[in-house]
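What follows is a set of structures for review.
What follows is a pair of complexes built around subunit A, which joins subunit B in one and subunit C in the other.
So, the complex of A and B:
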């Protein structure tokens, strides 16, 4: 885990990289100031080529905007997800709408700063309202969130429709704040987004340790004298900032998804907060840029839904393919475990056959194996082949022999089984005829340490409740070491 | 030049809607009331079960269901609409369950992910096939309650009943009322005490999915009138307002219906005055009524609390 200092350095470096990227995209070369809407209808391959060449200024702005909002929303989204504030983010993002409209009314133009101030104030008023309602009424938080979300949104909708009635309002593009249009981003927007992103990264870097403690252990944070209420308010302010800068590209309706989804995807992949924040920022950027790309390809498609679908695709990827918590990985592990259990049960059966003949016979026939396991000969053959493939047994004609490794594992499993049966009858007072089922399951997962402990507790007993001998540790080692050299007795 | 806030003309705002323009505005007010009442009654149970945000999730996810149903059936028939909405509602509930039971992502984030993805798909499909599905972004967000009077009238046995979507909404409201009356006890018990409900032979899971199914039906019938987001206010505001004034469930139901009527009428006047979209105006009016109840409520209003605190009297014990 990085200390606050190293993280500050990382945050600063990242801010610097973003600034360099933005500057590089904004200034060089020939400027083709075509608006995206002018070229709608062209062949989509040409469109893709145009997007990827970054010739157009609007494309550069859109990509800068997508990168910045992806970083900003991703990093703050990490805190939103781990602190279970996802629905607060949703409410915040809907509640900014009346502020956007009022900011627009300030001087009847799309002034980024006025809209930024208005939207931030409205968002903070909305979250304050949620807190006030839950503190002074019997209404629960979910009701308060939904209520504020929809009421503020309705007020914003009234204002937006009133603005659109005005002669200047109909072409104002204020409706682009609903579903987002990355192509409508201009240089003023980009500079504002850059400023907010640097501020967010700087503050998160500076106060990383404090945010970490407050997020995971509020009680400890309070006890160590941190101003928890102020940190919460600061985080809410930064959240409002990042929602507002993302509005233009994603739209008020879906901006909460940019907070939640990339961070939730990152949450599936790592346990460390700092790694989570990095990943969430990367996912946010990926979702943002693909959204901007596809909205450029299509005929004036809204950018927000495309970005959200990009983010959801990343989440679905993490959900299915994640190396540790992913559905596929877990399914694979389960299958693997089932196969191992089956092999170990076969080994145990071979051991039992040997034991019944006092280990006088060499190996066991397939017929004996099939009879003991109450299976057909073909099934027994399949089990034996599986053992041979894993180097636990060898087979000649219908005789199956242990390899040293196989013999050791078989003795271990039998020992685990019998020790556990003995433990249950002695220590848990369970009748001897009821302990087999339980031991069948646990024999495959008992670790070496637990086995030592069991042996100690049972005074190294030699016989299980059914009167069968429990293989000792020495015997198991000998089985592994000697059987290869001097053959079986 | 037109101004943002039109001049206050008493006759235009308060008299005309009930006289000369009644044939138009009458249907709109009635539709607003029907939507508010049906949503409010269902919403009361969402509030009791702390599921207010499931309303959020279901209302957003209904959109792709609607669009796909319209595209597949190539019509805007009621059957296709209800089927699509039901499927989408169930899909949203399933996705939320899968995400929060199979991973360590919590339920709130799962709700956020599920509804935003489904809604995004719906918006994209709407943008791609605007002509076929006859929906647009405006309608998705604020609904088109002003178009209700323009719809073809439904006639039964020579009697003109009203515009198609209004008749449908009225039937849904009747259905909701019938269900609430029929299953009053079961709903009450399973909302407050799932364990007791089970011991009395009520299946809480069945109740939950039944409630979600009814929610999807109500939301989809209200969709064209008020859109995907305002319907959340229609679900929560009536019950929340009523529950600030009373604790008895029958009275909360009655209060929710009164709130629906108030917000429809006041919203109409507000919308006519400001010349803005009518459905958001109704929600703003409803929020205003909520704010009044919050501040002036006789028992638990802010003023009543403040006076009690100043009087030094003990706070009444709050229900947990």
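So, the complex of A and C:
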């Protein structure tokens, strides 16, 4: 790869049409021919084995590059996401394109340093223009971001097309900066990426505390005497650096996704910033390497889209499977709560049946339960089975009995319901016939602390608005204990 | 509250302060000298520039004219002696930090660059959380707190600053009664330790009982003095009444001219 570039570059500078043609046709042609033979002779398993064995130098460079850009973009992306700068990241990453083209035109070669400098300057100019527009006009940031993004990218696209038309241009590889090509990464690129990653990790490590406070509460940070403006500028510069080193592999169109997506996935999984940064880096590496791998499998498909699909898959995983905020976990919790509410309603009905008989009769029949729950006998049986399975009741023939735990929970629910009704009618002046519906929901969620408070506020009243007795805390405790003893007999 | 004559410079001195938002003056020619060990309430109608005054004192806004001195020196030299409680809405409460992280931020100013919070800083932060009754929640993510609890966390962070002069922007906004009395108790304790507090407050009836001194503000200082002297119907009428519409109209005109509007 490096030899090919230098050859092409020299050819370009001499302006010799023939040399360029030779460079253009012969060199990549040879490379391409090798690949074609691979396709013909080997299936994708061999290709995968070739990737995983790291035999090829270009594979090694591509993987190193993917790891480095994953770490770099992941860590800085964490700050982009928590600071709500995602659109700024997008604008920055599109704004670098004209800089890439100008960096190439500087000496008509894909010199990593010239392109790095050009792209960084263009990116910073773009973000500077966003700031200038918002400060001097009435336009808000979103419009300014959209404007700069589009105009810089348009200029970049024109320049890239022009370079493509140059005699040497079509094989310059500048078009790869649009959608990325990890296989185009050479040793010079890897060293530059390593340098930037070390710089990013070093500075984030050193100034973690400052980055944290500036991201969370900039006003407070400034009032504390911290150099907020410098920290912001430094972060912006590091962001520009990381976008630029990722550009070769991911491409200007999608590089912002490598900033946003891994960090967004991490944001769904943790509540602490330092863990978020570690996770985002790990996700970035995973996405980067997967993208490089599939690009290689598909014989140098554009890497950027594949990496971004990898990152998006990670995000989808976090979105659906995240233990706390994930869709699946939330659905499971909702289902769990609904089932518990159903059980508690059954317990309540059993309690009511016992209450009607002044707790003289042992247990309740399924028919009574079905009547009170307004269910069929079959459904009542299902409810009873559910209680038995959770150790809240026992059943012999069609009689259902409380276990100690069941009796205690039943008394608690009845107490919560009646206390809440009483509270609403007494303290909130809501008519007695309006409170039942509300209490039906509240009874399942009242915590012990709130119940104590309600009891105090209501002077430990014994009777609810409908004239029924409210079980006391002592009674609930005793009920559990007594039936516990009878249960043991 | 009588303060013995104090040879040291006033905690806060403001001279001829003018501040504009989008070229439209919000504060005009504010002069103020706050004596030490006072709990000062800043009251005035909406848009009177209460928060702007605080932010300008903290160096968070550019000044059009005038100067602010803290303990006789520019704020930059004495930043660690100044504490700040911003408005609760000014931050994103979904931010991935827990209560302890936020309170530790109160130590960052005196730590300076590069130094990490030490065990002593953690102990100090814990003591501050204890003071506002939030220690049990030290490891909670801040989104899982009630509004009152969030305000207490902000107060704890300010306590961790161990400052001599405090600016607080609406610390009583949207909090429950228990939190309100907890906060005022902490503020009084700070005052009795000789610290000076300026508190933006929006509730007139409680302003009278909470504060030693009141600053009645409406674009400029309507009155500043001990609560008993300043809390009069006449002065309040002057602060909240219509007299100042002329001032704000002129400000509007000035802003339009400066912006170059037609």
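Before moving on, here are some points about what is shown:
Simple rule for what comes next: the second predicted complex is superposed on the first by the 443 of 489 C-alpha atoms of A that agree within 3 Å, B and C clash if a C-alpha of one lies under 4 Å from a C-alpha of the other, contacts with A are read in each partner's own complex, and residues count from 1 in each chain.
Convention: a contact is a pair of C-beta atoms (placed from the backbone, for glycine too) under 8 Å apart; a residue touches a chain by one contact, two chains touch by 3 or more.
None of the values given here were measured: they were computed from a predicted structure.
Comparing subunit B with subunit C, the partner in contact with more residues of subunit A is B. Of the two partner chains placed by superposition, only subunit C is touched by A:206; subunit B is not. When the two complexes are overlaid on their common chain A, residue A:270 makes contact with subunit C while staying clear of subunit B.
In the superposition on chain A, contact is made by A:217 with subunit C only, not with subunit B.
In the overlay built on the shared chain, the residue A:226 is in contact with subunit C alone; subunit B does not reach it. Once the two complexes are overlaid on the shared chain, A:154 sits against subunit B while remaining clear of subunit C. When both complexes are overlaid on chain A, the residue A:167 reaches subunit B alone and has no touch with subunit C.
In the superposition on chain A, A:312 contacts subunit B only, with no contact to subunit C.
By the touch criterion defined above, A:94 lies against subunit B but remains apart from subunit C after alignment on the C-alpha atoms of chain A.
By the document's definition of touching, of the two partners only subunit B reaches A:304; subunit C does not. On subunit A, the surface patch touched by subunit B in one complex and by subunit C in the other comprises residues 84, 267. Residues of subunit C that touch subunit A in their complex: 55, 58-60, 76, 79-80, 82, 84, 86, 90-92, 95-98, 101-102, 105, 108-109, 111, 113-114, 116-117, 141, 157, 161, 167. Within the complex formed with subunit A, the subunit B residues making contact are 1-2, 4-5, 47, 50-53, 55-56, 99, 102-106, 108-109, 111-113, 116-117, 119-121, 123-124, 127-128, 137, 141-142, 229-237, 240, 243-244, 271, 274-277, 279-281, 283-284, 286-287, 290, 294, 300, 302, 305, 318-319. Within the complex formed with subunit C, the subunit A residues making contact are 82, 84, 206-207, 209-210, 212-213, 215-217, 219-227, 267, 270-273, 275-276. Listing the residues of subunit A that touch subunit B in their complex gives 80-81, 84-87, 89-90, 94, 105, 133, 136-140, 142-143, 145-147, 149-151, 153-159, 161-163, 165-167, 175, 178-179, 253-254, 256-257, 260-261, 264, 267-268, 298, 301-302, 304-306, 308-309, 312, 315, 319, 325, 327.
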